[in-house]
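The structures come next, written out as structure tokens.
In what comes next, chain A is part of two complexes: it sits with chain B in the first one and with chain C in the second one.
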Partner chain A sequence: MDMNEIKEIFFQECEEQLAELESGLLKLNDGDRDPETVNAVFRAVHSIKGGAGAFGLDDLVSFAHVFETTLDCVRSNRLEPNQDVLKVMLKSADVLADLTNAARDGGSVDEARSRQLIKELEALANGELPQAAAVEPVARPAPVAAPAPAPAAAPAVTDEGFQPVAFSFDEFEANEPPAIEPTTFEILFRPKSELYAKGNDATLLLRDLSRLGEMSIHCDMDGLPALGSINPEAAYFAWKISLKTDKGEESIRSVFEFAEWDCELEVTLAGDHAAPGEELPMQPVPFDLSMLDEEIPASAGAGEDDDQVAAQQREARDDAVSAAATASNVLQMAQTARAPAESNRSAASASAAQAAAQQAASAATPTIRVDLDRVDRLINLVGELVINQAMLSQSVIENDTNGTSSINMGLEELQQLTREIQDSVMAIRAQPVKPVFQRMSRIVREIADMTGKSVRLVTEGENTEVDKTVIDKLAEPLTHMIRNAVDHGLETPEKRVAAGKNPEGTVRLTAKHRSGRIVIELADDGAGINREKVRQKAIDNDLIAADANLSDEEIDNLIFHAGFSTADKISDISGRGVGMDVVKRSIQALGGRINISSKPGHGSVFTMSLPLTLAVLDGMVVTVANQTLVVPLTAIVETLQPEASAIHSFGASQRLISIRNSFCPLVDVGRILNFRATQANPVEGVALLVESEGGGQRALMVDAIQGQRQVVIKSLEANYTHVPGIAAATILGDGRVALILDVDAIVAASRGHSLKPEMSLAAAG
Partner chain B sequence: MTYAAKNLTTGGRELIAFRVGGQEFCVNVMSVREIRGWTPATAMPHAPGYMLGVINLRGAVLPIIDFSARLGMKPAEPTVRHVIIVAQVKSQVVGLLVDAVSDILTVSDGDIQPTPDIASDFERSFARGVLAIEGRMICLVELDQVFPQEEREAA
Partner chain C sequence: MASRNTAKKSLKLAPVLDLNEATALHERLLSLKGAPVVIDASAVERIGTLCAQVLMAGARSWEEDRMSFTFAKVSDAFVKTTQLIGVDIAPLMAKEI
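Then we have the complex of A and B:
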């Protein structure tokens, strides 16, 4: 494996970390204060920094470092992750992504922007420190969160019935010294075997630490197994260090910087423990510090020196402390755990849950990375297999008139197997739409910044799965649409307030499965489409005649025409007039449809309906004018044999069919596709009642139904071009090509939109 | 490949000659993927008259162009004796229906005469020159031009 391959893996992981980072930040933004979320965010940035360091990507490292420092402030509760802070952080995540991309693909990043953000991040990280310094002279600050929970927690823990656990005194010792300058830190350092495996030495780390100030060390040998079961290469010892230093926590952590991932490290202010002490009715106990370096039995002796009440209370508290310590050991999360006084609050109630969660996380389904090309090749092969199997069945049926049952049974099993293989292979490509949705949140932030609007993006159903190709091709049209929604759809905050709406606009992005397709909805609560303006614009641009009588729906759909933009001033975000027609075309290229419904004053909803996969389709095979066509099964509501009495002529050329007393326009597929010159006699054919995305039913006239079959979709565009009215092609059992009908286009054509002009529009665009 | 490379260095090229409606044409052998017999094509709606439809070429959908009709001559009436030249045109693969493949020629650039002036714009657009081989006239065809512009752009 050469360096480039390793680098490629690093960048792949970066992408995952960035996604993790963003989703974590968004969770925080929504008010999630779970420490694990903060930790996940921190870890993501840290991993990127670590990897980038290994590859000498200095820009990335330096930015990630500043970001990490600020995140650390959040992690240690020194910085409240409020909206403003998160706004900066989300932007930083964007810049981090840019830097990562730049590092991978070359290219440049907006230096000014990243410098600006570095400043903002540093300001956030430091902003808290001056304040702390201001408080310091008065008394050693007890961090805000600590006093309240701790007293409550101590009794709670005993109430929960925790068994007293072997008590390490140094935990307690930290509580003892009242606030002294400089600060006393309590450090738990538990190396993992990897630390030694990588050539680090705990002694050296401890020696470095001792240079920072006055230090007492206690070695916790509890983990040491019996001699017989000692693994000479494993790490068993932990050190509990009490360090009195005038340097900050940062300098302590920097000692462990290179070992951080191979050990558990807790750095806490001794003050955290002092705080609850003040609340409890307990006097500081005089204590022989030298005893702390002794073995654990010393605790008995220490206890005797104290008066009864104090001892009891202390015991309760010790339980809490050691319970917390035990919990954090179990969780292997010392890195992430906070001061025991803090964590015992959660430890009492949540340690079990956390342990379970941790287990679940570590037992997560194993995954492998596979090159997409390999999957595609497999899918293509399976497609061929399905066709071949169909051809085989057909020729057996043709040649074998007496119907040997064993062959037929074998074929049937083969058919089931191939279908199962196909489903499984398709499932490999199915991916949640989450990554695309996440990318959109960034787009929203950027556009909101540029336009000075305040926008909230709400996403739903981001775990909806759909074929990878669909996901990949979804990003571009979605970006266009999101931009449009924010730029044109939403009003400025002033206008919104004037209209009695929340100044913050909402853009809602929803994905869901509906009848074998994925439906993606993009809704904004903006002003809706100004139909007068659209109409006028369409007239100005010669898209419609001045006196054209259009329904609201038709006017709304005008925005999908090429060269149409209603924005008064052309912005660099959207409004070049290439937006919506491009969107429509890319959605159509995916075999999808797009629709808009708009309510003036209440916003617009764009609905996109896309196939779950671009590879197979359940279809009804029909005959039209001696041609074999496939109609997607999803579109068909019912099939019926029309009777002469049910057919009614309407005007010169239109015909309606009455179905249970409602009239439905009859569409001759052969005529619309120009397969025959005159309309067929409906009584001789079969009518397929179809429902189109645009609403409304139509009865499609075909000559006969051959059967129902799963077909492999073959692209017409690859070697030919898009054909209006035809969605794609497929290969039938006899080896011939059959065309798959684009029901929506046919229905639209029957409404008077000719199939031809649309093609010329597409070609012109 | 080495053969073709040698030809390139010596300024020679190989051409496949075929007959359509009594005339002879040729295309560069490098653009020809394979030659196969006629199989019935599935008609395409709203297609130009010369577009016969599409056939299945080992799982791919291959559009078939009636070369005779494309040149504005009498449309072919395909029989089993007709031949489809499967050719690569830019990123697409298409089939050309011709009467028969007649020859494989190795010529040098000097053998190719410029298209005579009298030809109409239409013919000139896809004719890259003419060759005089053993008293016959063979027209060198530029396949890119055989396909209408918009179609390739829209695709």
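Then we have the complex of A and C:
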């Protein structure tokens, strides 16, 4: 595994941590005060910081460190995570994500913004600690069992001792360690056996600790068994330490940074100037411990002058820290290799109990990372298998008339198996929409900030699963729609109050499965569509005639027309020339549909219906002018056999079919696709009632229905070239290629539009 | 201490008594059980917590057996480390040194 691969894993884990961070912060924002939520948030930032340090990503580390410090204030109840605080934290999470992305892909981040946030974060941490610097919180009123990890290179190390190799954490505050009155801390340190198993030695930790100030120590040997029953590699000693230092609690905790998960640690302030540990015999620790440094031979230390010793101490200390850091990283990497999802979590958990719980949780659902290409290859192969199986069945049926039941039974089983394999393979690609939804909360925050509106994003059904391709392509249209919803949909707080609404607007994002498709709804509780304005705009833009009689639904759907924007002024956020038409096209490109319903004064609901996968499709196989075509089943509302009395002529060439007292345009598919020159007789064929993009219905006329089956989509674009009116192709059981109809393009063509390439959907994956 | 000198066994500690040495040290100490023991820690340059634990467990077991368990010679590093980790070896120091 080379460094780049390890780095790649780190970034993948960063993404997970960032998602964790954001969802935790959002939970806190919703009033969740579970300490575990705070811990999870803290851990996420801490893990990113730790990993970033190992790769020398200084910007990321510095920001994460300040963020972490403020989070620690929340964790130790010194800072109440109210809305204002969380606002800053959510923004910080965004910047952290930006910094991570910049570190991975190059590029730059808004430095002014991150500097500003660093200031705000420090101010937050300072708010409760007026006498101490933000980065060096000292006064910790209550004992906190969970150790607060801090930078590895402790602030005690002055700038000349700074090592860029491992943990370049604290360059911006380590230079000037804040002056703190010497304070006496009481430290309880109880290592677990894991500490030693991981190559750490309590002796070294105590040595580092002793460097922070005046230390006296009591070793608790009560747990030590007799020699016969001792496990030489287990932990028995525990310590009570009294340490007078001017370096602050953070420096104490930083000594234990790489051991914090393998020990119990309590750091508390001793009573003011009280003699520590009266009840226990405390042994003072000698100040000069230089000969204990591994780098210095045991004989050294006698005749050296103080400066030299100090310098050596610093050096040795730094080396030890880098060594510890390296050891920790190696350990982490080893874990990464074994179970990537687990590694950072275990390294980041704040206490053993939590770590155990988490490991149990992740052990329950072990995961592996697989290249998407490999999955796609597998899916493609399974597609071929399905086709092959269909061909085999067909040729058996054609050739074997004796009906040997064993062959038929075998074929049926094979069919079932292939279907199961196909479903399972598809499930591999299926992923919850959660990451996309989570990204949206950031968009909402940013737009709300820019527009001065107060917005709350509510998401539901985040765990609804859909094909990865769909997820990937969903983010862009969804982002645009969210922007629109906040910018155009929601009113300003003043207007909302005037309308008797909560000044905080709500945008609701929901995902659910409905009849083999995923339905995503985006609802806002804003003013709804101003139909008068939309209509006027459409007339101004020559989209409709001034006297056109349009239904509410039709007016609402006008916003999907190209270049349509009702915002009075073009804002930064929306109205950049990319309108809802682009959204609609990208949804259609996914084989989806989008609809809007709006209630004046109550808001609008956009409903997107998308296929669960772009690899297979349930279709109706039909015949049109001796050609076999596939119509996506999702588009079909019903099928019917037209009667002569129901067919009416309309205008020169149009025909209507009367269905249950309403008229519906009849579309001759064979004619539109130029399969035949003259119109077919509707009575001889079958009409497929389809739902078209505007919500209106059309009757597609085909010659006959062959049946209904699941087909494997083969991209025409990838294998041949784009064909207007055709979405993709498939291979049928008899080995012939059948074209999959692009229903919306056909319907649009029937309205007089020609079959232009951009009108059709390129659905195939 | 002066008596039963003949039965005394001695153990010279290795210079580096780190985490890896704990098991070996444990075995060596166990093999010495049943007789008074004198530990020579004069060569010790480094001693970790695990080995310190084993030594202290040894001291206890010997005490239970009413046998003497003493450190004859100790290096500076050994003394300082035991002070650092709060282990008081003064009572175990051989009186004649």
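Observations
Keep in mind that, in the parts below, the second predicted complex is superposed on the first by the 440 of 765 C-alpha atoms of A that agree within 3 Å, B and C clash if a C-alpha of one lies under 4 Å from a C-alpha of the other, contacts with A are read in each partner's own complex, and residues count from 1 in each chain.
The criterion applied here is as follows: contacts are C-beta pairs under 8 Å (C-beta built on N, C-alpha and C of every residue); 3 or more make two chains touch, one makes a residue touch a chain.
Quick caveat, the model's predicted, so the values are computed rather than measured.
Using the contact criterion defined above for the overlaid structures, shared-chain residue A:725 touches chain B, although it does not reach chain C. Judged by the touch definition given at the top, the superposed model places A:675 against chain B, while chain C stays out of reach.
Shared-chain residue A:715: touches chain B; no touch with chain C. By the document's definition of touching, of the two partners only chain B reaches A:384; chain C does not. Legend: residue contacts after superposition of the two complexes on their common chain; A:230 is shown touching chain C, with no touch to chain B.
In the superposed model, A:202 lies in contact with chain C only, and not with chain B.
By the touch criterion defined above, A:736 lies against chain B but remains apart from chain C after alignment on the C-alpha atoms of chain A. With both structures placed on the common chain, the touch criterion links A:530 to neither chain B nor chain C. Remark: chain B residues 40-47, 53-56, 59-63, 92-94, 150-155 touch chain A in the complex.
Put simply, chain A touches chain B in their complex at residues 380, 383-384, 387, 627-628, 673-675, 714-726, 729, 731, 735-739, 755-756, 759, 762-763.
Chain C makes touch with chain A in their complex at residues 15, 18-19, 22-23, 25-26, 29-30, 33, 44-50, 52-54, 56-58, 60-61, 64, 75-77, 80-81, 83-88. Interface of chain A with chain C (complex): residues 191, 196, 199, 201-203, 206-207, 210, 217-219, 221, 224-228, 230, 232-233, 235-237, 239, 282-286, 289, 291-292, 294, 297-298, 301.
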